[in-house]
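As structure tokens, here come the structures.
Same chain, two partners: subunit A is paired with subunit B first, then with subunit C.
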Partner chain A sequence: MQSESTISAGEIPVSEAARYNESLHEDTTAKLFLVSSITYFFIVGIVALMIAAKFVWPELLGTVQYLTYGRLRPLHVNGMLFGWLLAADMGLMYYVVPRLCGVKLWSEKLGVATAALWNFIILGAVVSTIMGWNQGWEYAELPMFLDVLVVIAWVMFGANIFMTVANRKYTQMYVTIWYCLGTILWTAFVYLTGNFAALFATGVNQANLNWMYVHNAVGLIFTPVGLAIAYYFIPKVSNSPLHSHKLSMIGFWSLAFVYVWTGAHHMIHGPISQWLQTIAIVFSVMLLVPVWAVVYNFFATMRGQWDQMRDNVPLKFLMSGVVFYLLTCFQGPMHSLRSVNAIVSKTDWIPGHAHMAVLGAFSFFAIAGCYYVVPRIFRRKLYSDSLANWSFWLFLIGGVGFFVTLWLGGFWQGWQWNNPAIPFIDTVIALQPVWIVRFFSGVLMFGGIATFAYNILATMVGSGTESTKMAAATA
Partner chain B sequence: MRDYSYPSVYFAYFYFFLLLVGALFFFFRSVKHGYWGEHAEDAKYRMLEDDEPHSEERSEPARREL
Partner chain C sequence: MLHKADYSAPFFVAAALILFFIGGLLTTVVPPIVDKSWARPFDNSDPAKGVTGKLQPYTEQQLKGRAVYVREGCWYCHTQQTRTLLADTKRSGWRGVDAPISTPDEFVYDSPHLFGTKRTGPDLSRVGGKYDEQWHRAHFRNPRDLVPGSIMPPYPWIAGNEEEFQALVAYLQTLGRAKNWRPDNDYER
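Entry: the complex of A and B
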């Protein structure tokens, strides 16, 4: 038995464990979302590897239409965004919000129905992207009937969470609930704009709406729900109160004000008004305000607690995610500047930046949440602390290799594209070494996914014995 | 296909106006509920306690006044 001072990954503090045997929460919905999202993480991770391999060996998988880059790439993007990350975030919200409100989830049945519908949507997305039934819009590839189902599922999710919050015991809501409610409202707005309103515009206005959607899919969906998770789990996992709740509210309101205006920075030097480009740049730079408010708060929370990073795997994921969040949110404003944008726009820099946000920051937060939550709701000790530690280092090393390689490669690519004397095909050939490193970094990251998924699923199915159950841990 | 660009822009203005009104409403409500006053930090301590039935007596001071 471990002492309380060396709490390992996902294990309930021994002194607290008995309480979880008399939980008032059913957590069925949270379980369903987490099981399915982690499964999709693994499956779509394989697709990610196939795509990375195609950069190095373009003839790979031949000319089978279902396995071409054009089919696999939307499958990877939609699978990771909606199958893994958003579903995992929803599962964690179903766990976190009732606890912060001091009441049960409003309707577990509605939650289970939401989980079933969400899985139907994801399976439909897999079929439609492989079959090439694609609307052709970045992040909005899914066919219309699936878009409608997403809206229905989101209304079901939102109603459940809002009603839970409405029934809460406490007037004051912890910042996590603010971010969660913000996510629900902003997602509705962003998703409807990107998947429905954009269809009623044409030409450059349509492109502008699409980029507003793409940017805010990250900025107003994954950022607020990711921060909701980080604000909950960093204090919980480190057992330290948040540095300043007031500062967290300033971060929330400034993010709410700033983020929505930045989408047009994807069209800098494009055929849109200069004033619109300038507004997008100004608001992009203003993003540093909410970002610093968030990051300072997390680092100040950890003051005097850094020694926990030695053996607390969820905390490793969380604080590495905070560093990646800071880096990616520094990159964003900088490459929205006209001079930098002229080099990096449309290059490999962009997937390097996007992966650091979605994988390095928000997936790290979600992974930490899974390591913390799954042993608690399944009331079992984590299958393997060692495997959890391995998953962290595989993700970290693979991730850093991937991000840095693509930033450097992107800059190099941009400089070449800015030189009209270099034929385009030569710039493609020159990037081969970059893509080889990208592939092997991807192999490491997939190792992280596999160890994480195996560890969590083994914990869920109870590959441990009675002796590993949490109840036994308290004996 | 008809171009709905201008109606969509007016709709966007209207939507942003709604969001602004909503943001101001919730901001002033947050002032009323003490998020910026002397009890601004209560929530961060309460979240560290679990909310199971037996813990009710421990979190009573931070509980809403009904």
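Entry: the complex of A and C
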């Protein structure tokens, strides 16, 4: 497909955004979401280091009931998923969708109220996880009153975005809008299943609903909203038109159909019907279709533009994110195969895999979005380009160190478990060196978070640079 | 065909939801209807049909102990499933006897379910009857006193709270005992 033919009104963000006055957009909601999400990224990053340290020094903070691993892990997971990543994604959607529609956000007031409610939810999540008010479901730990508030906040977010899309000036909806609308719709049902429908089931039935939610929290919340961001910012940041509309369609619509079937692959070899495991395996392997369609589209968009990777920090984050997305979504289908699963399931391989998805792919996309958007909506220059570059390399080296160490360690652990002659405790002791490397990789990643957060917050308050008025269109 | 979804938001919404709900309903609503064993408590008195036993509902004390297990997040590091893997049946086993694999009918009274996704510590699906109360008290006070090299956190506030401790141990002793695969009161030292 010829790349020129893909430029059409409303479809490609590159030329469109420059056409009208940026001052059309107020962006208050986007600012509030971004500033709070980046703050949580930093705070929860400290919690992440604490729990990584507990693997190496199990006595650390061990006598404080509220700071044990069992309390801090749900704080880490919920804080990173909902406090940082989803909030940053929502903030970026509040920025991107009005621009792709050529109109103002439907209601800035509703957006500000959503941001306030979201912050209340996250603070509630911090308190309840530390206090041990835990529902006992992974990713759905938060107590019922917070679940209800999440639903309300999601309806507020969805209404705002849908009304903006309904009022759009450009008739054709760009891929980013598909993924954003898909996220809003699917998340609603996935969240209701995991947090409310599961109440009416027990045992394996409940587990099945729980895994449908857990898996699709990644597959139908963070994947589509992350791809929404990548589809907007990769062409935008590299100033290159998207390669293929047809591939975008294949990627999106196959994702819509395939992802939801795969929940039971969390129970392979476990006490759940074998035929359901087989269905989950078949559809897990089919996930290669939406993933490879999307990844090929991004790589082809970059054809002839790779030299830009030298000094374009958002592009570095985006394209490394695409590589991590490709890898993590190759691992996923492979893990679901019974033979591979018998080795890696329940081992330290799995957090290596999960972090590559949520940090390596989707957080990298969100970070790129923040680096691009924050200087524009605050109309200031980025505080420091070299600090931004530092943050990329800290994230990349720390991240790769973390992922690779846990894969190797987890694979080794799985082999040991499959030999019952090795006492379990020996398989724990054997992993100590792995956990030490993981901790120090985590320190590097936290360095990435700290430099990123400092750079963005310093840009917001305008310290260090003269606040040059920056026209977004000049980029 | 789906080109229309580029221009029409209502068409887009309908298509996105229909595709989602095909798999959504077939994998969540349909399976418990097809596989009745998900909801039927384990009950077998005929040795010819395999291991015997009967799943009992939890007592009030056991439920209290289960709540402690949930609150402290034990399930983040301990799975509760003896999988269809030879190594799992041997690791969950007792004095050379392989443990039976976990089946859906053993978990009918579980809410929240505690199957778990990560084995930082050993699987607990057959731990009931393995250690006595004294062992658990020492272990919760400081796991490394009994298991050098363990990275489990100490839980002095459980070991020192008689009501919670008794409840938690009562719950742990039920794990894996619906299937009559090992004798009572034969603890490891």
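The working rule: the second predicted complex is superposed on the first by the 442 of 475 C-alpha atoms of A that agree within 3 Å, B and C clash if a C-alpha of one lies under 4 Å from a C-alpha of the other, contacts with A are read in each partner's own complex, and residues count from 1 in each chain.
Methods note: a residue touches a chain if its C-beta (ideal position, glycine included) is under 8 Å from a C-beta of that chain, and two chains touch if they have at least 3 such contacts.
Just so you know, these numbers come straight off a predicted model, no measurement behind them.
After superposition on subunit A, the partners subunit B and subunit C are seen to clash. For subunit A, the partner with contacts to more residues, out of subunit B and subunit C, is C. Looking at the shared chain after the overlay, A:Glu138 reaches subunit C, while subunit B stays out of its contact range.
Of the two partner chains placed by the overlay, neither subunit B nor subunit C lies in contact with A:Ser339.
Legend: residue contacts after superposition of the two complexes on their common chain; A:Thr202 is shown touching both subunit B and subunit C.
Contacts of A:Ser244 after superposition: subunit B is touched, whereas subunit C is not reached. In the superposition on chain A, A:Ala256 makes contact with both subunit B and subunit C.
Shared-chain residue A:Tyr232: touches subunit B; no touch with subunit C.
Within the superposed three-chain model, A:Lys169 lies in touch with subunit B and out of touch with subunit C [touch as defined at top].
When both complexes are overlaid on chain A, the residue A:Leu100 reaches subunit B alone and has no touch with subunit C. Of the two partner chains placed around the shared chain by superposition, subunit C is the only one that A:Asn418 touches, whereas subunit B remains out of contact. Where the contact sets of subunit A with subunit B and with subunit C meet, they give residues 171-173, 185, 189, 197, 201-203, 205, 209, 249, 253, 256-257, 260. The touching residues of subunit B, counted against subunit A in their complex, run 1, 3-5, 7-9, 11, 15-16, 19, 22-23, 27, 30, 33-36, 39-48, 50-55, 59, 62-65.
Across the complex, subunit B is touched by residues 16, 19-20, 22-24, 99-102, 169-176, 185, 189, 197, 200-203, 205, 209, 232, 235-236, 239, 241-242, 244-246, 249, 253, 256-257, 260 of subunit A.
Per the touch definition, subunit C reaches subunit A in the complex via residues 2-3, 5-7, 9, 12-13, 15-17, 19-24, 26-28, 31-32, 34-35, 37-39, 70-77, 79, 81, 83-88, 90-91, 101-104, 106-122, 144, 147-157.
For subunit A in complex with subunit C, the touching residues are 54-55, 58-59, 62-63, 65, 68-71, 73-74, 132-138, 162, 165-166, 171-173, 178, 181-182, 185-186, 189, 193, 197, 201-210, 212, 220, 249, 253, 256-261, 263-264, 266-267, 269-273, 276, 279-280, 283, 342, 346-347, 350-351, 417-420, 424-426, 428-429.
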